[in-house]
Amino acid sequence: MAVIEASGVCLTFQTADGPVHALKDVDLSVAPGEFVSFIGPSGCGKTTFLRSIAALETPTGGTLRVNGKDPDAARRARAYGYVFQAPGLYPWRTISGNISLPLEIMGFSKLERAERIARVMDLVELSGFGAKFPWQLSGGMQQRASIARALAFDADILLMDEPFGALDEIVRDRLNEALLTLWRKTGKTIGFVTHSIPEAVYLSTKIVVMSPRPGRITRIIDSPLPPDRPLEIRETPEFIALAHEVREGLREGHGDA
Amino acid sequence: MSALPIIGVWLGGWAVNIWLSRFDTRASRTLVAVIFGATIIALWEMIVRIYAIPTVILPAPSQIAASFAANGSILWTDFVQTILKGALTGWLIGAGAAILTAIAIDRSPFLQRGLLPIGNFVAALPIVGIAPILVMWFGFDWQSKAAVVVVMVFFPILVNMVAGLRATDAMQRDLMASWAAPYGASLWKLRLPAAMPFLFNGLTITTTLALIGAIVAEFFGSPTRGMGFRISTAVGRLDLPLVWAEIVVAALAGTLFYGLVAALEKKVTFWHPSQRR
Amino acid sequence: MRRADLVPILTVLLVIVAVWYLGAIRMNATWERDQAARAGTEVTWSQLIPLTLTQDRPVLPAPHQVAVGLWEGVAGQAITSRRSLVWHAWVTLSATLAGFAIGTAAGILLAVGIVHSRSMDQSVMPWAVASQTVPILAIAPMVIVVMASAGVTGLLPKAIIAAWLSFFPVLVGMVKGLRTPDAMQMDLMRSWSAGRPQVLARLRLPSSLPYLFASLKVAIAAALVGTIVAELPSGATAGLGARLLSGSYYGQTVQIWSALFMAAILAGLLVALIGLIERRVLARMGLAA
Amino acid sequence: GDLTLQLKWVTQAQFAGYYVALEQGFYEEEGVNLTILPGGPDIAPTQVLAGGGADVIVEWMPAALAAREKGLPLVNIAQPFKASGMMLTCLAETGITDPASDFAGKTLGVWFAGNEYPFLSWMNTLGLSTEGGEEGVTVLKQGFNVDPLLQKQAACISTMTYNEYWQVIDAGLTEDDLITFKYEDQGVATLEDGLYVLEGTLEDPEKVTDLVGFVRASMRGWQYAAENPEEAAEIVMENDETGAQTIEHQTRMMTEIAKLLEGSDGTLIEADYQRTVDILLAGGSDPVIEAAPEGAWVSTITDRAFD
Amino acid sequence: MAVIEASGVCLTFQTADGPVHALKDVDLSVAPGEFVSFIGPSGCGKTTFLRSIAALETPTGGTLRVNGKDPDAARRARAYGYVFQAPGLYPWRTISGNISLPLEIMGFSKLERAERIARVMDLVELSGFGAKFPWQLSGGMQQRASIARALAFDADILLMDEPFGALDEIVRDRLNEALLTLWRKTGKTIGFVTHSIPEAVYLSTKIVVMSPRPGRITRIIDSPLPPDRPLEIRETPEFIALAHEVREGLREGHGDA
């Protein structure tokens, strides 16, 4: 059974300047354990689609099922971990306090909280920084903390909206590697929005290219790359060819800037 | 038992408002506020009548309205004396002086560092306390009321304006530097516009302060007109409906004054995030 | 206040004191000249200056006269004495704190309501603004009398007037503060399917604290003003306002200014105290600036 | 039983009788548990009474009768003060010598909040408008002190023989610099500092008994105060919560008050009442009261008290 | 004569936690008409160096000359156009008002202002948006407006601090092309800070790799690519080799993330 199943999903925002068609007739099926990247020019509806999956927006047409339920039921069943572009940590809580927050809300016991916090902090290589406040950490560390927070409660589906947009290339490479490892180890289903073609190609099993006005899917590219991907894979011809294909797909839908 | 209709009116008004608030248009928002006010007035009238509260303690809204209608010319004279002459003049002078001072000390970090903590301190002081002194210095007529208002509004506006002149972000200042802009240009084209949201913060806060200052100062001596004068005299004569009519005038004038400044703010600082939506 | 600011602050203070002395000489000179004229004599400047700075009922007392008045009021009396400024300050302070507590509680509760109920937002906010334009200070005497008729006397009527003035800044600040969490933070809460009370306790309240403290500083100053004005009409009861009034009644300008400075010091201390608590709390929360 | 007395003004020797009686235990002897509420510039005792905040008030008769006409049924139950202490104090340098001819065009300081009636009556009898201009007088709402005179903002200000006048003197002016017009001398004196209750109070026999005891004790207090001005001033000082009074000023005030008490045993003298009413009724277009009041005083309390 | 001549430039910030060595012994010489990119991990002093050139910071050691003068004299001679990472538009002015601002300050006539505004707006593809306020435009459009503003008064030296950091890849490609064209046409000297290796390689004639703690230059790579560069050049072996060299240079100086 598909984890995410969209057919004919439409979403129109009513604004003061008239309706904005953020999504139109979007069809997509994501199998368990897939790593799906969404790429496309600004305003093409990537965020809107991710938010619809997480029941943070409600589509105005079509059907969208998550784990066979409607998205809001899935949300209430705490099926999602969501990572935004900015770390969005609470400045008045320490790093472990931040990771602990969703666990507190979901009613985990104190003991279990401590255990889970330790595990995810280790996973994102932040052990030892638990007592620090967010602003005492670099941007990259903050972003890792926010990923740890989304991982802590072990949702099946991880949705990440440009999580590495603000980081410099070297740090980004490292986090990309870490994310791949995590995905291989846990077998989670991941939805990932990015602006970077190499990043999309490097990470995904499936690349969804979108185009704006109205927001729709123009290409779905399945990646032939193996799950094990050293950073150097980016200089292989397969990689470059795939990147080229994605770039082509992007150009098509890119009428204007 | 007699409380039943009161509770009924309250619940009724509340229910209508909850229903109305869902529309969230401009008209419905106004209507909600009006209904809220009308409910309170209706409750007031009912409470006064049902519990037979003496007029000398709390007059009913209907009596206040009657007194308002009957004393139009008195209310107008007092309005001119206290609000137009006392509060408005004082506010304009105080605001003008504060703005000019802020610009003057803006160039001197020394003065800023010396004056601002003191200004902040003075802005928190119970300035009305100097009303008797200023009445002693400036005489009985509106000039002393205006003086009280000047002192009351000066520091809050000064502090805001100075903060505003410094509120340009570093990048905007660096841009000016990279264009080698002279002082006048960067004051006029960068710092004054950037200071406007702060300035208006000070200006709106002080509208109500100005009214309070002008009215209270009349307690320490005044000619035989003015809202503060009328309120204390009418209390002495047990003419409570007139007292409340004056209060209504003060509240109306205050709300209007505040509204005007807020509207001006909207016009001048249209670009500020808090004004957009 | 940083070390480096001390020199400019002291300089400005020095200038103020100098201007004050000059003003005192100028304003008090008229009286000395009139007295001389009544006695049919002339006064020279060198006689005038010491005279103007030592009057019993100066139009503007000289700084040292106020300092002496303040010192005698604070240190020259047993603090339980009716003549002790400390005692009057305490009377005013207790009503101020009570009013501040009431006002703050009311402001926070209203703000929570406004943030959660759209109909409350639309109906309460405009009237809260209007409430502040009611010249409460002008009708303070009436409020006191009306409350007395309902059997409420002593500290509470003053505290209510103080509360009336102090709830507004808290309300405005808290509404802003409770609404600061951005869409992303709210969405995070939603993605964890947190309930309203959880969002309030764990997101809205903590993020509103900086706003709360900023408003509290304004509110405590407003509460002090409210208490002092509420003390004015009942001239024979205790408190700094009563001191101010009786000073005015008997033309004791030194007493007025001493009471005024005592009030100023009180305001300064209260604001500083809140600033201290603010720094402590925010530091513990990692929000210190 | 319990009684609450609302004073007209701040704690000072003007009310020494009540404080002395309280301190000497005179009220206790009568079985009255008295609470004294000091007044202030913007406290209208009539309003406090109407609101139920007090049982008895000290008030000037013009204000009491005006309130009665407004529908608040005030009744005078005793009148400790025989004479009026009101006067206008003018600077001699203004050249004012005769009120009838010299006030026109001048600025005069007047107390409001219910204290303006005697002045308005006087101006009515003089035929002077209080709206300013060449023909009338310009009225200032006089604040809390005598500064308007010292600052020459007014030609004359209202003073009491026992209080403000001496503040002017203390400020450094001499009697020669001043010229005073007592209301008594001008024939416009109205009764001051009487004791008033609401009509309803007199219908309650228990309260009436308390009031009788209260009036009797109060008059003992007044007598004691008049005979021992220094001790009375001390007692006043002890009761002053502001701590702003000086003993010299209070002693002098007590001496002056004693002069106003002379000739009264606390019983209202009908002729004085009639004179006050006539003055208030007089004066052309805008009299203080429109019609002669009925039942505005009773002698039952004083009769029982001084039997 | 070199346009920018730095030798032994040091810059130390005195902070509460002790001195921060933002720049140490920086030597660099830029010839007229060069396109120099600065690349390096966060905090290595790229911004600080650019600001020192523009006389927005004062070096604490070494010598720095611009056009043979000291930087402040060059600033007063209006030698610089500076573009910051964020658009930094004045919200109370329209887009053309913003572009007009430096022209007003420099005393251009009304007519000439209008003419120049039209020209640069056209250059950055913003014609028709002159009357809009900044917040009515997307981030990318705002950034282009800020570039137009820096171009309007025709300074010899253009300093750009991560100007395209916030833009999506396609728009970024376009602006990169436009910037190259402009540079070829005008022969301006350009200093350009970026985090993106492909961007640095694509644009520059000289790539300066920096490393932090203390901020210093670790490599200066001269580009063998021709001035005429179609986007496809990025898939050529030379390009990939150059990118590889830059990445190596970056790794060297990259102790931690």
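Which chain is which? They are A, B, C, D and E, in the order written, and residues in each are numbered from 1.
Throughout what follows, a contact is a pair of C-beta atoms (placed from the backbone, for glycine too) under 8 Å apart; a residue touches a chain by one contact, two chains touch by 3 or more.
Since this is a predicted model, take the numbers as computed values, not measurements.
Here the chain-to-chain distance from chain A to chain C, counted in touching steps, is 1. The chains that touch both chain D and chain E are B.
Between chain B and chain E, the least number of touching-chain steps is 1.
Chain A maps onto chain E through a rotation of 175°, based on Cα atoms and reported in steps of 5.
The greatest centre-to-centre distance from chain A, using averaged C-alpha positions, is reached by D. Chain B and chain D have Cα centroids separated by 38 Å.
Centre-to-centre spacing of chain B and chain C amounts to 18 Å, using the average Cα coordinate of each chain.
Look at where the CA atoms of chain A average out and do the same for chain E: the two points lie 32 Å apart.
Computed from the mean C-alpha positions, the centre of chain A lies at a distance of 50 Å from the centre of chain B. Those residues of chain B in touch with two or more other chains are numbered 57, 132, 136, 219-220, 232, 235. None of the residues of chain E touches two or more other chains.
Shown for chain C are the residues that touch two or more other chains, namely 59, 141-142, 146, 149, 232, 248. Chains touching one another, given as pairs, are A-C, A-E, B-C, B-D, B-E, C-D. Looking at the complex, you find that chain E touches chain A at residues 41-42, 125, 138-140, 167-171, 174, 195-197, 235, 240, 244, 250-251, 254, 257. The residues of chain B lying in touch with chain C in their complex are 14, 17-18, 20-22, 24, 28-29, 32-33, 35-37, 40, 57-58, 110-115, 117-118, 121, 123-130, 132-133, 136-137, 208, 211-212, 215-216, 219-220, 227-228, 231-232, 235, 243, 247, 250-251, 253-255, 257-258. Chain C contributes residues 31, 35, 38, 57, 59, 81-84, 88, 141-142, 144-146, 148-150, 153, 232-238, 242-243, 245-252, 255 to its touches with chain D in the complex. The touching residues of chain E, counted against chain B in their complex, run 51, 54-56, 75-78, 80-82, 84, 86, 88, 90-92, 101-102, 104-106, 133, 135, 153.
Contact residues on chain D toward chain C in their complex (touch as defined above): 7, 9-11, 37-44, 47-48, 50-53, 143-147, 150-151, 167, 170-172, 174, 177, 240-245, 249.
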